[in-house]
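Sharing a structure, written as structure tokens. Questions coming.
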Amino acid sequence: MKDILIENFIKQALLEDMPYGDITTDNLIDEFNSTKGYFVAKENGVIAGINILKRVFTIIDNNIKFNCFFDDGNKVKKGDIILEIIGKTRSILSGERLALNIIQRMSGIASYTKLFVDKLKEFPIRVVDTRKTTPNFRIFEKEAVLFGGGYNHRFNLSDAVMIKDNHIEASGGIKNAVTKIRKGIPHTTKIEVEVENIEMLKEALEVKADIIMLDNMSLDMMREAVKINNHQAIIEASGNMTLDRVYDVAKCGVDIISVGAITHSYRSLDISLRFKI
Amino acid sequence: MKDILIENFIKQALLEDMPYGDITTDNLIDEFNSTKGYFVAKENGVIAGINILKRVFTIIDNNIKFNCFFDDGNKVKKGDIILEIIGKTRSILSGERLALNIIQRMSGIASYTKLFVDKLKEFPIRVVDTRKTTPNFRIFEKEAVLFGGGYNHRFNLSDAVMIKDNHIEASGGIKNAVTKIRKGIPHTTKIEVEVENIEMLKEALEVKADIIMLDNMSLDMMREAVKINNHQAIIEASGNMTLDRVYDVAKCGVDIISVGAITHSYRSLDISLRFKI
Amino acid sequence: MKDILIENFIKQALLEDMPYGDITTDNLIDEFNSTKGYFVAKENGVIAGINILKRVFTIIDNNIKFNCFFDDGNKVKKGDIILEIIGKTRSILSGERLALNIIQRMSGIASYTKLFVDKLKEFPIRVVDTRKTTPNFRIFEKEAVLFGGGYNHRFNLSDAVMIKDNHIEASGGIKNAVTKIRKGIPHTTKIEVEVENIEMLKEALEVKADIIMLDNMSLDMMREAVKINNHQAIIEASGNMTLDRVYDVAKCGVDIISVGAITHSYRSLDISLRFKI
Amino acid sequence: MKDILIENFIKQALLEDMPYGDITTDNLIDEFNSTKGYFVAKENGVIAGINILKRVFTIIDNNIKFNCFFDDGNKVKKGDIILEIIGKTRSILSGERLALNIIQRMSGIASYTKLFVDKLKEFPIRVVDTRKTTPNFRIFEKEAVLFGGGYNHRFNLSDAVMIKDNHIEASGGIKNAVTKIRKGIPHTTKIEVEVENIEMLKEALEVKADIIMLDNMSLDMMREAVKINNHQAIIEASGNMTLDRVYDVAKCGVDIISVGAITHSYRSLDISLRFKI
Amino acid sequence: MKDILIENFIKQALLEDMPYGDITTDNLIDEFNSTKGYFVAKENGVIAGINILKRVFTIIDNNIKFNCFFDDGNKVKKGDIILEIIGKTRSILSGERLALNIIQRMSGIASYTKLFVDKLKEFPIRVVDTRKTTPNFRIFEKEAVLFGGGYNHRFNLSDAVMIKDNHIEASGGIKNAVTKIRKGIPHTTKIEVEVENIEMLKEALEVKADIIMLDNMSLDMMREAVKINNHQAIIEASGNMTLDRVYDVAKCGVDIISVGAITHSYRSLDISLRFKI
Amino acid sequence: MKDILIENFIKQALLEDMPYGDITTDNLIDEFNSTKGYFVAKENGVIAGINILKRVFTIIDNNIKFNCFFDDGNKVKKGDIILEIIGKTRSILSGERLALNIIQRMSGIASYTKLFVDKLKEFPIRVVDTRKTTPNFRIFEKEAVLFGGGYNHRFNLSDAVMIKDNHIEASGGIKNAVTKIRKGIPHTTKIEVEVENIEMLKEALEVKADIIMLDNMSLDMMREAVKINNHQAIIEASGNMTLDRVYDVAKCGVDIISVGAITHSYRSLDISLRFKI
């Protein structure tokens, strides 16, 4: 269950950040001292990770309380108070850094994803993520993409087929590859084929690939691909999809645009914990 | 031992990316097929993580071989072949994404850090990281900072003292805080105090703080702080240290500049695995 | 990676069976004593789990050697020597029970699956498993199904959608359910709908479900369903599929028959380790 | 503590069945929706695993409530409602399969064991299990044997001595083997010796083995063995003990009959979760 | 398997002692530098833990070599070289403390145990340990007892029955307690009863307890107990068994003397690693 | 977080002591039976570990209650009731041994440490521990030292530098070693140098080592070292610091005395759980 994964992850991260306790706080802050703090957005963006943040603190101290003024996926403006936290000072200070490290990254991804989504709002198209995520942090990064209005691609190498160059070459062509793998995989699994030109596209269509990825194609070629496909397979465009370029790609009529940068090159959203406001 | 941490991390990440195997590769690539691949830089930067990359593949398959043309910390130019990998096609394809996810991030951090370091090369100063790292990935990110020419700050809340606002307030001032904590911590542990003005700095000096962090100070105030300190404590400047600003900060004479962005807002360096060159 | 899962599973099982060693063997058998043993089939069946068996012993003792006379998926007859094992007596005796517990169960499943597959060999149809597996042993049981000539259904609740009664009711009908979930899941994920009658089938077809499960239908209704479907969706028959009944079900023209019993009610295949033959 | 083992096992199994959540339920069922369900026996048998079932759901959701109409070890008839479950629909649907996978297996074992026990009710004899259990699931299977009226044999290779062929041969006879091992093991550990004929039995008695296992003996030989033993050692009969044969074996006067089949070749008891009754 | 437990324990302990590496050694000692070291006894005693020590180093670095001059269980004199270690300086320095922490403690226990054993060498009696061990270190401490010439008592609360005051009281007397528990436990498990006087002893004998522990009895009472027992049960003496007192206790004719102090109050044997001799 | 480490440790230790339950208690004590017990000091000493003891029981059973009459760090006299425990008899009996094993060891350390501290009470000096702790139990042993009035040295090889013989030799002298390592470590980390004579001390002072350890020096040499140091570095005396000798060492004017024996050769304090008083 996702909850168990998240709990394990947080406990491991708390051990990373304070294996033998928070020696400053444990020595200087009285055990029974309580306080109130405010998580404040220091720039505009889309917030993501509020529930994880709450989980971090309740794992440290089950008596911490929260008042939330925003939900995951909401837009925030510089200066907005995202949520209020009330509880023991020690617990709040000890969890502050981990909670911020998670919510800042998730919000950074959501905000960056939202930029792509907003660019394409006139099209019936999905912005999706890739497997280019931080190792062992994928579950958080993929959830952040959803809060930014994006969608997820396959989670890992076990849950969907993606046939690339090497697979095609080793199998003697797309037709052979798709035919062979269809015999081995569960009937519940989709097959995606990566193609570089129109000929490959036609071959993939012939063997009824569920999804066809157009890899680094020109706009002209993508337009032709969409036309030839004629709604048979789902068409995914991929390869260096920047904010500058996605509008033109979308206009070609593809169904999906996958963007590695939203998980591999995002900036953290600036959020801080303040004790006075 | 760091090696045990790294091995555990990689195994966990392999499970994240292929819990029940790589269904495409396992079905299409013959078990005994071998190949040769090349990790190629697709932009200029500083490479970091070669040893981790090798570890990823040897955990999957102990017979994989490498020829390395660069060392961690070396500069690479677009098009450079970083290393050659030889072994079973299955093993190479299955580990490709995880290996790239790590080396791209570590190289991204090293490259970004190097920009700061190069800006300050005329000063006897350190660029250091912070605890603003990706949860459970800290060990890799902090090592990447070193390869970029930077230095590490404390690893976690257990290995050094950092006295901030809340601690000062709860203790009734810097003097009380430092005096109290010195009685509690091992004699092997340093004490850092975060100050916002000259008065606080003087108080921290009076109780012989080992390190004083100037938090979000103006350049003028930093210059004055350095002068008053007169080489007693180590002086660390902190707070939104951007590439634009660090040169001026360094000129104030501080010893250390800590930069959160090198670990919380870096772009991955574009590196790819090619089978033909 | 599957290998890491398997290694973890075996180590845990070795701890279950000898937390503080095998006190009989450790006290009575000389450390340097070597022997040869034979894994022998004591009844007819399909063998599965040879590679796992080898893994059990090499985890205990890396110097154990094997000569295999059969491959996973082969039929064996009573009395056949499946493989020969050579190495330290201690290592062989200590791993014997765990190795047999795994290979007997996997072979039991493969043999039982094979009975279904053989019944249906004249049809272009798949016998598939379900999620009715022994907790934490699924990876082995699902692999055994493959060796018996069967196929796998989805691995878990995360990798494919299966819409049942409760989901349909909570969503206000099949159409709403499928439409709603299609908006939430990755484009790489298939949707299966469980239907109990022809009306539901039509509704599922209308919203283009990828797979339709006919739940506990009469033969007549299944025939009608196949006709109406007319190769649009994949048709899966389910519900108490016994050896007696599957031939008639297959004749209805369905694509898939899922059988819970092959993983929830199999007998172990009788295999023993003999030191003399 | 057994509880910790059970909790770890369940959490691992939940991760096996929904690593990234139950995508159907999470997308279609409202988070706050509640329901009531009934676990119903679909055939006659002995129920076992109710407490484990409850543990599965409370690990998922601490607020789920139960009304139990039967206790572990009770007989149920087809159609009996075993227990009622009330709580969030999401939590119930997500835990359903794991809970059933455990209770069906445990009840299958208890029911099968009960058949043996009932056959022998006129004798002062124990039906006991073996180490032929599903790897890492032993604790559940052995508990189910108890609920079926059976008893447990040793739990693993560390907690009791069992001297077999190979040990005897390597030690130069039963006398040497028992004498040698008695010197090495704690005084709190019993010694069982496996014998194939009367001569071996006598040797085992001479060195005061605590338990003597008659391995695959004829009824005549077992009768003789019981007579010679004359209540000195505990006498255990073993080797292909089927329902057909155990009555005659019991009549020979042995103390214990160990039956591998109750854990290695049981059928799951058919139990289902219904939302309407 | 014990080996897996030991490996897990050592890896965990290495992480305890160098979570992010050995910063002194890693920075000052060249990666390829090799050296030779000597583990030297600095006082007389019995050595125990040589194999564990070797395991510590080979987990760190598989290429380290050893020349052993003593075996576990041997007596050493002040100044004796126990073993020689050859390999990378880094690996030796990084494992030194953990290896010493284990071998010094195990040798301390073996040496202390040996004092008891030597005192009693004229009697056919066992000195045994208790469950008063360091949490999670029991496996090592119990093995050390064996190397000192002692024997082990039960390993834990699961592998043998020990009926004490509270159990007796809650069951309404020894007879009831033994009768009741005999019905619940495997036939492979022994029953020990703790008695405080002759009347209790008689009751325990009546129900054929396997082992009777004489708890804190006077020498006179122990002599009487041994006489009454007349070789029916195993007689264990317990309660503040000091070196001063055990000879007199042994003379009473008991079979077993259990000594908590050998695991709860031992001194480490002084052993050091020298690089020059 | 320390709490997570402690919880993991206790759960692991409970599994060590009762992998399949406490078979005596589980069979003889009614599930709903409650009782009251008293932890009693059986000798004079300093109590440490009360909070850990409470944690052990609440992990077993969250409903157990306590009345504490002493705090960690308090002196107790023979016969004192340390705390009262109220709850289910089963839970109390099952946790008794582990709880005692921890509190007896921690109190043994605290009591032994206190002897050193009391000897030196007229001096402004610290008694500190070393890394000579029981593997994986360090966190408890180091906390016990604090409760005995002592202080902690570095926690592990990662959090402070300690330059010894081998490091010095490999680096070509103290000056080179300190200079080299200072360039590699964080500015938050202290450097300690181990010296054997006055010349080495001077060299260490020259390069401003933070801490200088006088290793096995004579009293005369220590006095000279203190004089030469003249409050520049922290001076730590080390090497066979016995109760007999520490007073004279302290008189030399050192700042710190590190004592291995308080963690490697302590006796457990005798504490027992009584059900009647």
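Couple of notes before you dig in:
Going in written order, the chains are labelled A, B, C, D, E and F, and every chain counts its residues from 1.
Assume a residue touches a chain if its C-beta (ideal position, glycine included) is under 8 Å from a C-beta of that chain, and two chains touch if they have at least 3 such contacts.
This structure is a prediction, so every number in the text was calculated from the model and none was measured.
By the document's definition of touch, common neighbours of chain A and chain C comprise B, D. Touch-path distance (fewest steps) from chain C to chain F is 2.
Both copies, chain B and chain E, contribute mostly unmatched positions to the interface they share, with under half of the numbers common to the two.
In terms of their C-alpha centroids, the spacing between chain A and chain F amounts to 45 Å. Centre-to-centre separation of chain A and chain E, using mean CA positions: 53 Å. A separation of 22 Å divides the Cα centre of chain E from that of chain F. Among all residues of chain E, those that touch two or more other chains are 18-21, 94, 155, 158, 189. The full set of touching chain pairs reads A-B, A-C, A-D, A-F, B-C, B-E, B-F, C-D, C-E, D-E, D-F, E-F. Contacts from chain A toward chain B in the complex involve residues 9-10, 12-13, 16-25, 27-30, 33, 35, 89, 93-94, 97-98, 100-102, 104-105, 108, 131-138, 156-158, 161-167, 170-171, 177, 180-181, 184-185, 189, 261, 264-268, 275. Across the complex, chain B is touched by residues 126, 128, 151-155, 158-160, 185-190, 192, 210-211, 234, 236, 255-256 of chain F. Against chain C, in their complex, chain E makes its touches with residues 1-2, 4-5, 139, 155. Those residues of chain A that touch chain F in the complex are listed here as 11, 14-15, 18-22, 60, 94.
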